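These are the structures, in structure tokens.
You will see chain A twice below: alongside chain B first, and alongside chain C after that.
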Partner chain A sequence: MFEARLTNGVTMKQIIESIKDLVKDCNLDCSEEEISIQSMDSAHVSLVAVRLGAGAFDHYRCDRPNALGINTANMSKIFKMLNNDDTVTFKAEDEGDALTLLFEGQKNDTIADFELKLMDIDYEQLGIPDTPYKCSIKMPSREFERIVRDLQVLGDTCTISCGKEGVRFSVTGNIGTGNILTRANASAEKEKDQVIIDMEEPVELNFALRYLNFFTKATSLSDHVMISMSPEVPVVIEYPIQDYGYVKYYLAPKIEEE
Partner chain B sequence: MSSSSVVLDEEVVQSNTYTASSSSTMDVEDYHLWRNWVQHTDIDHHHFDKQQAKEIRSALLEWYRANRRKLPWRGDVLGECNGSTAGINSNNNEKTSKKKRTLNDKKQPSIKNFFGAKTTKVVKKEEEPDEAPSSDAATQQDEQNMAIRIPVSGYGVWVSEIMLQQTRVEAVIPYWIKWMNSFPTVHDLAVASEEQVNSHWAGLGFYRRARLLHQGAKKVVNELKGELPQTVDSLMELPGIGRYTASAIASIAFRQPCAVVDGNVCRVLSRLTGIANHIKAPNVKDKHGWDLANQLILADNDNDDADDGDSNEKEGCCAGEVNQALMELGATYCAPSGTGMDPRDPLRDYYFSTRLARSYMAYTKSPISKEETLTPGMSCSICDPEGITTVVGLFQSGITNDMSDEQVAKFGHATFPLDPPKNKKREEDLAVAAVSTVHKKETWWLLVKRPPKGLLAGQWEFPNVIVQTRTAKSRPPSSKKILDALSTMCQEELQTGWEAQLDPTPVQPSPLEHIFSHIKHIMWVRKYSLDVDLGEIELDYTAMGDREARWMREEDMEKVGVTSGVKKILKAVKTGPKKGAKKKAVPRKRKR
Partner chain C sequence: MTTDDSSISTQMAKDLADSLYSCEKHPLFSPKYGAPMTNKAETKAVLNALLNGIRPASANVAGYGPLLLSDIPDSAKESKVVVVGVDEAGRGSVLGPMVYGAAYWSASVEEKIPKGFNDSKQLTEQTRDKLFDQLLDHEDIGFCMRSLLPSEISRNMLRSKPYNLNEMSHDSTMLMIRKLLDAGLKVKKAFIDTVGNAYTYRRKLEGQFPGIEFVVESKADAKYASCSAASVVAKVSRDKFMSGWKFTDELQDVSRDFGSGYPSDPKCKAWFEKLQDPLFGYNDFVRFSWAPIKKKIAESDEEAAVNVLFQADLDDDENDLKQEQQGMSSFLSGSKKHKRARYFEQRTLSVVTSLSS
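Right, the complex of A and B next:
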């Protein structure tokens, strides 16, 4: 038996929105401590990892680990019906083939329940090494979203270089080139405007903007985004969900051919 | 003094460059080439001379070995196969594509290159610890799947060649890999059920191919001890294998020295030897095209070319590669849009088409053109009787004096092969009944099996009836006509008795279109919802004469493998009426 009640139901809606363009089908892996999702996109270029700890829920019970296979598009359709202040309750039997979702309005005047059929999804979990990164950047998520959106008009590959003075996002395309430099400003008044760069050595990597754009769908989950890079390994773009969890995207850097 | 010697030097240099660039400069192109060609009356004119055939053959081989596409049935690593011709496309916007390449010469690796798989977290499989090693192996196999090669075999080539008929390479690759995983040998295919085979073919079209392939496999196993024949003649005795497929299998898989001729090869031949005909003409594609291609295949490569190194090379030993090179060239640099001038085109020095146009230019400039009138030959057995006259007309109207040498050459190249005579596809208006009922909360659809012969033989489809075959004058059928046709069909052929319960609204205001190679179906879909509980209806029964009928859920349809036409209708029925429904046409064309 799995049962979980999330007062802030819109968080789940935002999580689904943040992965549905990237991932078609995935498992909601429920364990005693957390709900997690790990999936690659269909081209196997990027990987998304979601964690929502039991602490995020005001009631959480999971008797035994359970993988709930869902179609993200269908899940998203159901969550479209959720009001922003609704509470969501998830229920699933251990051997069941459906996930029950209960949406309750704040004033307890409406209750909607949905039953979503589950799928058997074969997915091999990838092991993500827990290594320290040479650069990590914390910046406002809206800012990152804007940069990615703006640079897309110029080309499809973005070079992210992190140096002492700041992070530079550069694109070279058929019509020309563009550079956006974001300077570190750890002393900004409001915390959400801060840009903090923690750097051991400069790193420069190339990425497909198409994917970066997919990742910015998680912007509404968090005020800031953490970008971590090391040479020749996938970048991690993390949107923390308060203290309870995160949506993390991993993207393989483009490499020079031959 | 000194100035005159400079002039002299320049002249020397110029004449040197002329001889060096052989016959490809206009000034040297002899007008006799044009004169002889226009007046030729015999197929001998098109034959390759031995030296030329050798040169073409080695140019093709060299190019093919360096540039060929990565394809799974050629024994390439699965993960690297995309079949794309993008890298070697012959588009005219050469500059932009070059620029693009320099900008985007970065490769996008998979995330799997960085993160290893771990299988322990698969929650559901924990219950069977005994089977852990095998399931482990299975997942590992999946993971490495894209890194393995499937060795070239007669069976694999056979499957690929059948799939490639009328279908693009890019579309075939995933089907072929899936097929070879499910039916790795001819024995596996022979014991498979018809529905298994169909479900693997679903979406590829021309389902007859799958049935014949299946029958062929059974014949190989039952009558030939599971050994695929190796010669063209014996291969042709298998169902579904004609001369083309037999030659392809024999030359690629069994190294038989025989030519393979398809449309692409005919185009290359037409441009190489100046065949004034269209490539679908039977005397080109079924007859003399083969003779010409054989001249290339059999062009002996070992005697004179000592520098080739491979002294053991026997006559026609690389036939498979030469054949594939010709086909691939026809799909890339020598595609209809090819220019014949691309520096990367391995045969650019050998095209008769470009030389002919230049020679025509030289002819019009020479005094002789004013003195004589050429009579185009009519009796060459590979050219169309009117073909030469057509080319003369095209050149006269299309080549003008102010054109550059390059433009003239490109025009000549584009003239060959001639355009085929146009005939329009037959268009049929079809009334389709999407009959559904709800049983145990699931939607069941009524499907009938098509007759065992003809279009889409033996495939499942929604009950339908042809309302009319369109002619130039006919207009779309009225909705009354459609409903009448449907209710007649329900009463007389389905013998259901529930035709009264039809929902008269169309599923889409505009009809769905489905295009086959020779027919276009315009489908007017009407939805029927039944209140009858399925408990009271038989799941299988016989309707529409002696055709099988069956109630199916969507997952059942997937199991039996329904055609993309049926999927299209189902999608439309499920989404209901929509404004400005998208028309989607899927023209299939073989490109390789």
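Right, the complex of A and C next:
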């Protein structure tokens, strides 16, 4: 038996929205400690990892680990019917083939329940190497979203270079070039405006803007985003969900040919 | 009709000539490739078949041109010191094969070797032919002939990682020497007309064949009898290959008035310019990889040479800035899946293991 009640139901809606453009089908892996999702996109260029700890729920019970195979587009359709202040309850039998979702409104006494058919998804859990990163950037998620959106008009590939002065996002395309430099300002008045750069050595990597744009779908989950880079390995773009979990995107870099 | 044991039927000669090509496998794995002939009659008949245009169809698209190793003279078989000379013909030609020749004999019979050998380019065609006949009939001289087809040369040079003419030349020389050693000959000294830098070429050969003394010089064919003999083999074979060439494209009535085959020859230039097909370019008698040919096609207008778009080139264009998107799998542990070729991915083709649904 799996049962979990999330007062802040909209968080789950946002999680589904943040992965549905990348991932078509995936498993909701439920364990005693957390609900997690891990999946690669169909092109196997990026990987998304989601974690929502049991602490995020005001009631959480999972008798044995259970993988609930869902279609993200269908899940998203159901969550479209969720009001922003609704509470969500998940229920699934251990050997069941459906996930029950219960939406309870706060103001009135409406209760909506849905049953989503589950499917068997053959997915091999992959180990993500726990490498220390040479650069970590913490910046406002809205700012990152805007930069990615703006630079997309110029080209397909974005060079992210992290140096002492700040983080530079550059694009070279057919119509011209563009550079956006975000300077570190650890002393900003409001915490959510802070740009903090923790750097061991400068790193410069190239990424497909199309994917970065998919990642910014998670912007509403968090005020700030953490970007971690090391040479020649995938970047990690993390949107923390308060203290309970995260949505992390891994994207393999583009490399110069020969 | 002769009933001599050593005679060989035309059909047998053709079949044997066919087997001297190595189209599907690397020559080192083709035991028949460059296996010595058994007697003089066979050598002559097979050589004749080759020079008259015997060529398996697959040789036009893959593999290696023919390698002929003559019957081995008794004196060389028993000799403890065999000297060999190597030379080439048709290297700079834009048409036809490049032919490598080797001639060898036992050091003990050197005085029996005809004195007439000299740089084959300085000899008249008649003298050369006469010398070649002498060489074929001579009981103490053995030879080896390797022909690199024009299609083979083009293929090698136009590969994504080009295999250039110098390397092909070096490899041909080494292949011939290897076959002589395989045939049990105790080759001790080799005179080679150089291709590229003589010193590095010699070092390369010495590395491959310890125990053989190499003399690598330019114009070696004018200085050493074995090298001259080799150059006669190469040059005469090349000339006969040219005149006996069977064009693959039989539908087209191709004139044979191609001159020397060298691009500086106006006859040759006029010949291939007249032949140009808007889609296929030229027939496979022409070395596509040669600069004058590439230039001619590049400079032709749309009517004389149509532009062809290749999917692979389009794919390259998609990767702006020549950057390759890396896959995620290689960074993760426990992943065995490898990325499919882009061709399949773009067409969303997948592997079907069961035909019933």
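Operating definition for what follows: the second predicted complex is superposed on the first by the 256 of 258 C-alpha atoms of A that agree within 3 Å, B and C clash if a C-alpha of one lies under 4 Å from a C-alpha of the other, contacts with A are read in each partner's own complex, and residues count from 1 in each chain.
The criterion applied here is as follows: a contact is a pair of C-beta atoms (placed from the backbone, for glycine too) under 8 Å apart; a residue touches a chain by one contact, two chains touch by 3 or more.
Just so it is clear, the model here is predicted, and its values are computed rather than measured.
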Message: Given the alignment on chain A, is it a clash or a fit between chain B and chain C?
response: clash
Field: Contacts of A:G9 with chain B and chain C, given as first, second, both or neither
entry: neither
Query: Thinking of the overlay built on chain A, is A:L47 touched by chain B (first), by chain C (second), by both, or by neither?
result: both
Field: Partner chain(s) touched by A:P140 [first = chain B, second = chain C, both, neither]
entry: neither
- prompt: Regarding the shared-chain residue A:P240, is it in contact with chain B (first), chain C (second), both, or neither?
  reply: neither
Task: Once the structures are superposed on A, label A:E124 by its partner contacts, choosing first (chain B), second (chain C), both or neither.
output: both
Query: If you stack the two complexes on chain A, which partner ends up touching A:P65: first (chain B), second (chain C), both, or neither?
result: first
Message: Applying the stated clash rule to the superposed structures, which of 114-122, 186-194, 222-230 or 276-284 from chain C runs into chain B?
response: 276-284
Query: Which residues would you name on chain A as touching chain B in one complex and chain C in the other?
result: 40, 43-47, 124-129, 155-157, 172-173, 206, 208, 233-234, 250-257
- line: Listed in rising order, chain A residues that touch chain B in their complex are 29, 40, 43-47, 65-67, 122-129, 155-157, 172-174, 206, 208, 233-234, 250-257
Residue ranges of chain B in contact with chain A within the complex: 96, 99-100, 103-124, 126, 139, 142-143
- request: Give every residue of chain A touching chain C within the complex, in rising order.
  value: 40, 43-47, 124-129, 155-157, 172-173, 206, 208, 233-234, 250-257
- prompt: If you look only at chain C, which of its residues touch chain A in the complex?
  reply: 319-337, 339, 345
